[in-house]
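We call the chains A, B, C, D and E, going by the order they appear; numbering starts again at 1 in every chain.
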Amino acid sequence: MRPENYEAQRQPPSHEYELNIGPNHPGIEGNYAFKLRLHGDTVLEGKADAGYLHRGFEKLMEGRLWIQNLAITPRICVPDPVPMEVSYVLAVEELCGLEVPERAQWLRVLQLELSRIAAHLFTFGGHAATTGMYSTMFWGMADRDLVLDLFEELTGGRVYHIYNIPGGVRRDIPDGFLDRVKRTLDYLESRLPDYDNLLFTNQVFVQRAKGVGTMSREQALEWGVTGPNLRATGLKFDVRRDDPYLVYEDLEFEIPSEEAGDAWARTLVRRKELVESIRIARQVVAALPKIRGTIRCPIPNPLAWSVPAGSAYTRVESSKGELAWYVVSNGGERPYRTHVRGPSQMHAVQVLEKLSVGARLEDIAQTMFSLDACPPEVDR
Amino acid sequence: MTEVTKTPAAGDALPVKTGKRTNPLANVFDELVRFAQSRSLFMLHYCTGCGAIELPPAMTSRFDMERLGIQPMVSPRQADILLVTGYVSVKTLKRVILTYEQMNSPKYVIGICSCTVNGGMYWQSYATAKKLNDYMPVDIYIAGCMPRPEAVIAGLRGLIEDIRRGTADTWKDYYRRYDHYLGNQQRLFGEDWQTPTDVIAEARHYGLFGPGTLGERTALLERHQKPLEALEMKLDIPELMARRSGLGSKGRTEVK
Amino acid sequence: MSKDLSTWLDTLLNELQGIEVRRRSSRRIRVDVQPDALPALLELLRGRASYVHLSAISCVDWIDEGEFELVYHVWSYEIGSLVSAHTRIARDPGVYISVYDIYTPAAFFERDIHEMFGVFFEGSPDMSRFILTEWDGPPPMRKDFDSEAWVNAHFDFQDYQPDWLQEIEAKGGGVAVRPDEQRFSRRDLDAS
Amino acid sequence: MRDIDYKDKGGVLNPLKNLSFFGRKAVTVPLEPRPASANYRGFHLNDWETCIGCSTCQKVCDNAAITMVRIPDLPEDPVQGIRNLRPAIDYGRCCWCALCVDLCPTGSISLSREYVHTCLDSELDSYFVLPDAKGIHGTPYPKGWAKSEDADLVALERERMEELEPAERIGHFQEIVAGYDSNQAIIEASRCVQCGMCFDACPTHMNAPEYIRAIWKGDPEQAVREIYRTNPFAHTCGRVCTHRCEDACSVGHRGTPIAIRWLKRYAMDAVDHERVKAIAAEGKARFLSGKRVAVVGAGPAGLTAAFDLVKQGHEVTVLEAQAKAGGMVRYGIPDYRMPPDRIDRDVDVITSLGVKIQYQTRVGKDVTMAELERDYDAVILTIGLWMGRSTRIPGSDSPRVKRAVTLLRDVADQVKVSIPASVVVIGGGNVAMDVARTVARLQKQTFGAVKVTVTALEDLEHFLADPQEIKEAREEGIEILDARGPQEILFKPRKYEVDKVHGLRTWRVLSIFDDQGRFAPRYDEADEQIHEGEMVIEAIGQAAEVDLLGEDLTERLEWMRGRLKVDGQGRTNLPWLWAAGDMVRGPDVVSAVADGHRVAASINTYLSIQEDAA
Amino acid sequence: MDALRLMLELFLMPLVAFVIGLAMVLLMRRIGARLQRRVGPPLLQPLWDIIKLHGKETQTSHGLIHEIGIVMAIGGFVAAVTLIPVPGMNGLAEQGGLIALIYMMMIPSLGLALGVGQCANPNGSIGISRALTAMLAYDIPMVIVVFGIAFFFGSTNLVQIVEAQQAGGIATWGLVEMPLLAIAGLFAMQAMLGKQPFEIYIAPAEIATGPMVEMGGKFLGGLFIMQCFQLYTAGALYTLLFLGGGENWLTFLIKVFGVVAIPMTIAFLFPRYRTEDVVRLVWKWPAMIGLLGIAFLMY
């Protein structure tokens, strides 16, 4: 048995040919494949091919205790793991009716925003690299690493934090942590002009990104686009504001949006979100010392914990868009069913396929990265 | 100049070329090549799993792998190291094997994260392979879920040391015990599994034939052999030429 | 604007026969509906109450009841609320109608449910496999598929023999409880 | 806050501003691994001194990465709840989530800040690690993620049980503790980490984890079924067991142990009595073996043995001297701890299986051992310890000096006992507490006031009684004096026919045992006290009434230190005679039950062999 | 004697070019590292890379033409460097001249095209078609520049051109005399080296490094060697044409490295254009500037 996509998908007419982008290809975010039918270097058709990162998460989670699943949830989307954790935990809390202490909620917001900053820095690097600009990636990774240092200090893990637990968070902040957060935020902010000079106001980049992967607002709504990609078409929608969770209602932040709906607009929205995230994180840092109290409400012994029967659908805004968990309990000690709705399930499949038709081969990778598609969310 | 006559039957002990060098200069040369090999490692940047998230930091400014002469390469032909970053789903595993076979030797496989060792988090998942070394020889493992960039670098430095000493030669194992690896691959992918690279022919060509190269599993391979158009762009191997054209080859290799 | 729409929603939900509406919070509404009425409900929700965003379609395999539960989560940007429409179809033969003509994103979810649960959606644009293209087994998310048994049939695990273990074994100790023997391993699921 | 204008199309020259980076320093860190943060989740450490081998880490491990390894060099002590198992981690599975740390009952396991481990394919065994305090490579690294108060997931606090206030409980013999309701029971049961330490520690090896889990799952019937597998005295043990399980409980190492005893009590109370009988009868043999077994004494040991033997198809007759069954549980434990109707239930379950009990049949008087030997295939002696020991101090032979056992039996039998307004109790064990509290209740009923003084040889730290008992006794107004050695019973000037007791004279105890560990108390004679009391009760231990055996039999039996000598299976040196219960083990209900099982098993084997031979 | 000297020069010039080329590769990587705020590779890294690639034990060839293509790619540059006079060595420069050099510099691209054509990898084919497009694009300004130079100095003999520039110090350098052509030449060089923003044919994210996709082992090693020569050729040519060549080895090296550093620095600060943008841009700006420069020279 040869791998199925090794063979040409169909016999193309003589003026057409097929090209596989991925799974092992630098123009693909992660382990994912995109099969193109090309005429010259114009794409006639694009077909997404997923499953390279399929682990059967939802199946695995049905076989593990509620608390054991904490460790597995962040692995669904690696660059931005915290929203995964938080939304799963929110679902469990909704099912159990747990009251999360306020301090824990603020800590979760801090994590979510730091994670968003890290994810955006990651995406900028990747996006720039698809256009041959590697320095952004080198800088972005180094600066993202500072955020990961904060995570390491707070949660004990650089990438997989496993810090949220139904009922709250696992530990309180270490001494002096908030100062270090503040310092890192200041540093990141001071770096923004450098990034602007290098990438965001770099005419070559602007020229490359403008008009690439353009979609109208109607198309975006039709295709189920969410998150920064939706906001780049002019719809100011953000789950944090419009379907608020945790303490986002108490926070002040703008929802940046753009009208153009192309790769450039999407990049700009993310760039502006970075500023907003820093702003939110600052508010948390300022507020946290005033919020005393526990970080976790009492929860039952994890080994003997059955969650009341019911179902919960919890949505959060990840760096990529609307992320949701549908968790069903039949009253047992393990979830009866979990279903994760990742934003990339739309972006990396339908949206990418549709945007690639008629696009140039040059722009495919850029389209994918500008959509910030995250293959593991598709594969699960 | 003898012709390659027939495929040896399974179990036939074939004399393996013993690379004995008597010329001291040649030894110096070998040493130099080995040193160069250890100082210049091209890493195939294939994100097979979640551990790949720690590779960009390791490659970029903060941890800067280029200090060790390691840089990412995009094509398996160019790469020396195959980093298997965490779990490999069965679907990916096929590609990993194809990739591995396409790489030029000496090639090194690094298994990162728990998942490559014993299944890791996904030990009960129907979709992921559990032990990487069933399917291809692995040179070095780096523990962690996922290992930090520093750990990755430490692992790579270990590999560099091994290459420098000349002990990192598991890639030969793939040729010498191809039957074993192929067997495990067939167990998972079905017995008609085949790859576009003719490992047996390569093994013979480069004198890496071992007692375990052929066996009952490779016999299955022959049986299910389909004409592969990919063979056209394959190795310049006299034996293959001979087999295909039916003409005598002017190959450089003698039957050993 | 949004007030009008939510009135629309209320009227709409009142109008329809045979549905059960539960408001869990101001932004979450659960609707239980018969399978034959679901497309009409979604059509109305989208057309008359601005529920344009299909957030997800989830499938739950209630094997004991012999049913699949399909949950359509739709969101209205204008009203700001999420309606989860629950419906149950027979597990066998597991065929349902696609809502692709109402919601484009349904294509992905239906395709996903088809390969994971084996539910066929009539009228969905593409029911070919996507994630599990190279998978020969049954739809894996069904409750009757035992992932661990499949793993045991296809994979080996490491058999560690470290020095310290051999020393301990020489002294009469050794492995006492294997990880898969303890109470909470998957094997013991619902043993009692 | 700098924001960029999206209309800003940028320029070709903007990037060139970054040429300034030629002059800036690199951000690259050295190649050597950096020290990890204080909370880092690196490789495991395990403090073998603290670790008890409970395998909770294994249970919470979501990746099945933990194997429990038996290490023969380490101590194993089921009573204290210590096993010689230690977790070994498979780093081919581990995901460093640190749930094992957060759920470790003792806090022995932690993660270090070490994070580099690489190995060759041939060294893959190094991925399977038995962590100790030294770390994976033996290099010292500081602790990373370790147990902390906020990260602790073990439920350390016991669910509170309603009980009567001292003022309310003192005037009568109603039960003090209310028992759990189903909600409380489920919460309490959910604390259990299923380590099975209790199973190891329990003399009769009750499978507490199983019935606790059944209770947690809301299935008390299943719990009863689990309980009856090993213990027919379920009501009794649910109330007055010495709960060694709780002493061994792994949660108890840092918190309060699971209330295993109360949970058992909850399960028994929650299930209808008829249903309990049905459950207890499950697995009863459907044939009769035709063998007859006699049991002397219807106490826990005897009835347990009878229960087992009946279930195995033998015919069992129990001979009981008293009017009711239950033995010391009924006659030795006051009603406020052990309501008699619950004993009735336990006995009823056993008799419902077909055990015949002949009440008020005293062996040695109504029937002789020789007759039993003749009429039955096997005989079990479970005569308990019914004879109170005396201090033998001057004056202790007076009729106003009572033995605790006798007094308690009389109270239980509702024999009228006249209790004076002030009483002194000698002894520091549970029996002393029982008798003191019983007397206190009687005093309260009669005089409306309590004046009981308990004097014990031991100091408070070494009291034999349960701390709980002592606490409750004090709450009830009983004065407890520790380290007092009784010297003499003082009498009032003789006015009446019978000497009236005035009180007890004691000296302060300096030490109880000598260097060799023999009983040889030393006193501080200067510290002399006189405790006033019109009655003195001795509660310093009991002995078996072995005279019922008859001289002949006594001769034939082997004895050791005044006790009947039995082997591990309860066999005496006579092939037809077994002995069990308090008379061979010392006073303890659950040990008696365990003994009963043991003896029953032995007899069953013996009878089967007999059958085969025949 | 002359013949012997010529032989020696023909042997030494490629060798020197290679060594300098190695250093240039290092320079390139170090510049990148500097801008990216990191340390960068060790000193001999380019050499180790090349030795390693040639020391590979299995080599995947795609046929005879594949191998010949690589040989041509290197050979073209080896021939080209013998036409570039360096201090003390003129090689064939006097006989060859500028026109021959331009021709020689086209051979590698064509050789590469031949070699890659054998690989049957669509990425390679796309890459090589892009490379040839880029070549066509930058050849226009380059020819204009060469034409302008030839017009100005009245010769296509590089030795004479250099001598003419060295005659009056900096004032007679091509850079000073023909600034517009120098700018156009810089553009052309950027495109010739295939560096961002003109890096259309490498483009990993689009076509997985294009022509190199099927190259492994010694073939990739060959390309690495080619890159050394290419950098050297470009740098040396520009130096000869606009910076008055080298009076001695020191000034020569300073000039050559300085020249090469410019496109490299730019490469790390810019993304790449699309293919058609490259052609449009290169045909528009450098060609216009070059023509303008010639117009200035003529009047």
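In this section, a contact is a pair of C-beta atoms (placed from the backbone, for glycine too) under 8 Å apart; a residue touches a chain by one contact, two chains touch by 3 or more.
This is a predicted model, so every value here is computed, not measured.
Considering the contact criterion stated above, the chains in touch with subunit B and with subunit E alike are A, D. Looking at subunit A and subunit B, the chains that touch each of them are C, D, E. Between subunit B and subunit C, the least number of touch steps comes to 1.
If each chain is reduced to the average of its C-alpha atoms, the one that sits nearest the average of all protein C-alpha atoms is A.
A straight line joining the Cα centres of subunit A and subunit C is 21 Å long. Chain geometry summary: the mean Cα position of subunit B and that of subunit D are 61 Å apart. Taking each chain's centre as the mean of its C-alpha atoms, subunit D lies 88 Å from subunit E. Note: centroid distance subunit A to subunit D, computed from Cα atoms, is 53 Å. Annotation for subunit C: residues touching 2 or more other chains are 133-134, 140, 145, 147-148, 158, 184, 186. Annotation for subunit B: residues touching 2 or more other chains are 60-62, 64, 67, 74, 76, 91, 94, 117-119, 121, 123-127, 145, 148, 190.
Within subunit D, contacts with two or more other chains are made by residues 15, 18, 26-28, 36, 59-60, 62-65, 90, 92-93, 95-96, 124, 127, 194, 213, 217. Applying the touch definition to every pair of chains gives A-B, A-C, A-D, A-E, B-C, B-D, B-E, C-D, D-E.
On the subunit D side of its complex with subunit E, the touching residues are 15-16, 18-19, 21-22, 24-28. Contact residues on subunit C toward subunit B in their complex (touch as defined above): 133-137, 140, 145, 147-148, 150-151, 154-158, 186. Taken together, the subunit A residues at the contact with subunit D in this complex read 64-65, 67-72, 135, 142, 149, 152-157, 160, 162, 170-172, 174, 189, 192-194, 196-198, 200-206, 258, 265, 268, 271-272, 275, 278-279, 294-296, 298-306. On the subunit A side of its complex with subunit E, the touching residues are 17-19, 25-27, 41, 128-135, 138-139, 142, 198, 202, 204-205, 207-208, 360-366.
Against subunit E, the residues of subunit B that register as touching in their complex are 32-33, 35-37, 39-40, 60-62, 64, 66-67, 69, 73-78, 80, 102-106, 202, 206, 232-236.
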